[in-house]
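Structure record follows, encoded as structure tokens.
Each chain carries a letter (A, B, C and D) given by its place in the written order, and its residues are counted from 1.
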């Protein structure tokens, strides 16, 4: 039984870690920190945890975190980079759910996140935590940069096509839609029920922070070839779930895309390729770590359409972090992540 | 065509006034004020008004408001009381959608609203704007205190029973549920989509500001007799709509409650008594000024159950204010308020 | 590891059984039946079970069901009564989630359910599966009649007050609101998204089938004293969750209701009495077997208000059935039921 | 005041016609027909119309319909084609909201709709009712084929670009999302609240009946040039609203797309081009006849992204039909269609 610390557990990825880890057979959360809520039982903030999680928020300090085997950062960007070096120095592994170590080019990171990066030296140590592409490196990593929610869905959807070299990399489109929990738990007018519910809209078409992360990831899959991506995120009036619709032009019309996806993901515990003709629904992964994918060629033409669903808080964040933890510590990769999605 | 001013039009009752008045045949909004949004076109804040309302927010000042025939206050409590005297002095009528003048006992008001009342002298001038009970006084009023959203539904539901003297006034129950727009358009965690949607809860059982207002109103209907009311509000995961379920014990079992309600409201333009056996739905009044009511005696017993629906922003606020305006200015009472509810 | 059969697993209580039992450490579903879907993999109908449940629907037959240790009926009323005698005769225990054996008075059952009861002789054998009241009898039962969803919430809310003898039994009110999954998975216009969402209404005020069941249960708690109940159900635009608001008049004003509830439920694994002043939300039990309760006396008066939330498919149906199974087979009562609710 | 008949007014486009026409200054609905609901007051079916529409459903017959100036068909496909010839013969104009006369190639129609077309001779008479492209022909038409909901949004979004000849017509993508009312008011499991709410999915990627209609319309705009379109519809958990995200490659990088759209639509009463950088939301057109459009070139590249919102029941069906009616009868084009969208 390893000891787990969580920094910044007041947000939705934090409570999702608590929910999932409460059922993990080989890990136990021993410390959760929050500067703002110090001394408050976590169940006061999240009533679903009453009777299940007895922990109280504490101030983040190195002594307590240093007693853990692994520390998760479920913080806004900018926090992890200020603490990670000290924690690693104590021999504690770190899984960062925030954006701090996702982008290898520090200048690019600073440009998109609008602040200096205070731990440039650590960036090259960080392993991008997408098990389906990076499992081997994750196994030996000390610092994991968990992928963003949108990037997970886009990369898993394009991965088989890029590895097979059968699409035009210069004209990729990712049309994504996310539930509101992706925006976090900060007071805001824009995310009020009255502003979001019963409506749908695109946003950030001119540029979203996940764009450079996705382009980097797709480039890695393409062995460094240049990638041209149009990414349009939308806001869904639901709490959990991302649905990504991908469009690409096949350069090789002879490829059997259904077989390609089934083969590529046949051993993956959390990627489910649907039978031909089925459509994935976000509710089919609500609260679970599964990513479900369907692939189609409308009218048998050169356009390939890939449909991907995941829960943005689970496979898109906390569940994927736990999957990485399982790999790092040699646990069964599905440990603590086997529950079925909640439906209806 | 009268000139209408709106103070504080950035909130949901403000935009509802604009939406409704845009179609009013005898009134035109000429000034809308907001300290925070001065200079901004209202359509930038409320995209549904693009192409329909061309006004720009201005700072509230007496010269501009003084040129109006009537000024609505769509402000949080505490604002109207600081401005109304000056506006009335200019011969301009005032319709206050806030709570400032609803409660005649200023000490009681101060106790519930937690601040001194700065216009105690005006309270006795204010007429409570519930047309179904107070139409005559509204006609000659200069200052209208528009009823709260919950109080409108509770009072309209009990009115026929209280006037008929056939229920035990000491044991009244109002079990209400409101859409989220009742909480306004302020940044808050509690009203985020992620906190409100897909859930339901009671709140303020120990005491809600609408409790003293309702008790005062029911007491007036009972000619000053004492009234005992248990009021439990709940929060619905919808934007608009209040559903109130009332419980009372009949003291006269011979009364035909269906006939009583039909007779009492037969000439009311905005109170619709449903045929026996039908149930009102909040969606049947979404965006309209109707209040729909059904009355039942389960198993023919002494308990009478009244079901009331209204749109909290329309009959529960802005629509009722316009209905009062129509009465005050001698317009047809339904002017500008005849649109059907949006369904589905 | 016991073998579990499920008759009628195509509905929502059926899939909920499958979801919950997939994680049960001591029970394994070996057969699921459906006349309409015979031969179809359950994961084709419920995509959340892909990769988790490999079973295929089969025709219900005694040989297969007879090889089970326990059979759940997740069928509409009328089905279990036609099959239970044969299954019991094979020494297999039965947990009926339907209404067939809930009401001891067969004439009353026939009156409310509008059809003859074909297994009158078995009714007296059935034990009403409310562990918090009936745990001892459940332990030795062969046939469990699982309580209805509304009745569970109403009975758990009134139980401490009735046992303490401190309320007027003749004037009880249960104002309940349920999510749409309570209506099942049948094609209907009334339960379309377009008819239900963004709205709220009461229904069945003149009489609901759960009324006689609740009255019987409350009467049992009151040692057979007569009970007068007004029950008004409402339909919430959410999928899962029941919120019940109970009203009663205290006959003993000296009682400390908060302490009464805390004491009564202190050893119950699935009843959570909230601290004074907190309000239960349906989302805090979404997908979990918890029932959370708060109790208030507004303004310290004689009216006691009890607020109860449960997930209608879990504690209100399938979860409660599994809780009964755990008791019957001597498993830890929480086995397979410890997951936290999904929030947000 | 013209007399209007509606055939098939029990569905959502029918009730939307009634809601909108109730406020039309120059048209009055005199007959509504329904074979199934004959003799029933329409307000019994649609409670939002109580007190506003007094009509009763009647059997469709030529005498009654022949007394109208115009007859709307709000029926499933296949109905209008069997009745239109007789109605036109009586000198009554027809506006068909169904798909019967949208596709000029009758063989193609039969292939997609899976039944013979029984009024092939009338197809060439029908004018496609998209005022922004076809206003002149609509003015003199006797038979209008109202565009489908998706096709309206896609065509209005591509129109300026196609007319300007600045995009590659062979690689157009329309990624659309529609509210559930688009599926109509038939009993079905697929459209239950429990199946649709809190989820999102694509459907009909392999082929949707609106695909040939859109391709025909875009081809007309391109003066008959060949058009290659990938169309992926999605189902939104809201009742009203379509959001379409269009992707195309510019062939002329010098074009100012913002100016192009503003210029093209500057005189259109119901197409609102948003200022650069704004995003249209479906709620901003809820219940209104507006179509709001934004256009972007991410990172100033060759990909142009167009965002279009409309209410599928209003601009996507009934409102557009009334707009056509206004043009046909020489009324102001906005008559009866000026109400602002309902927000929040």
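Everything below uses one rule, namely that contacts are C-beta pairs under 8 Å (C-beta built on N, C-alpha and C of every residue); 3 or more make two chains touch, one makes a residue touch a chain.
Quick caveat: nothing in here was measured; it's all calculated off a predicted structure.
Enquirer: If each step moves to a chain the current one touches, what is the fewest number of steps from chain B to chain C?
Expert: 1
Enquirer: Which chain's mean C-alpha position is the greatest distance from chain D's?
Expert: The chain farthest from chain D, judged by C-alpha centres, is C.
Enquirer: Report same or different for the chain A and chain D interface, where same means the shared residue numbers exceed half of all residue numbers found there.
Expert: same
Enquirer: Which pair, B-D or A-B, has more C-beta contacts?
Expert: Of the two interfaces, B-D and A-B, more C-beta pairs touch across B-D.
Enquirer: Could you give the separation in Å between the centres of chain B and chain D, each centre being the mean of its C-alpha atoms?
Expert: Computed from C-alpha means, the inter-chain centre distance equals 36 Å.
Enquirer: Approximately how many whole Å separate the CA-defined centres of chain A and chain D?
Expert: Taking the average C-alpha coordinate of chain A and of chain D, the gap between them is 39 Å.
Enquirer: Using Cα averages as centroids, what's the distance between chain A and chain B in whole Å?
Expert: 46
Enquirer: For chain B, give me the residues that contact two or more of the other chains.
Expert: Residue numbers touching two or more other chains: 12, 181, 194-195, 198, 237-239, 280-281, 283, 286, 344.
Enquirer: Residue numbers of chain C touching chain A in their complex, please.
Expert: For this pair, the touching residues of chain C are 12, 15, 18-19, 22-23, 46-53, 181, 198, 239-240, 272, 274, 278, 280-281, 283-288, 290, 292, 338-344.
Enquirer: Under the touch definition given earlier, write down the residues of chain D that touch chain A in their complex.
Expert: Chain D reaches chain A through residues 171, 173, 175, 177, 194-195, 198-203, 205-207, 228, 230-232, 234, 236-239, 241, 243, 245, 247, 249, 277, 279-283, 286, 296, 298-299, 301, 303, 305, 307, 309, 344.
Enquirer: In their complex, what parts of chain D are in touch with chain C?
Expert: Spelled out, the residues of chain D in touch with chain C are 12, 180-181, 183, 185-189, 191-198, 237-239.
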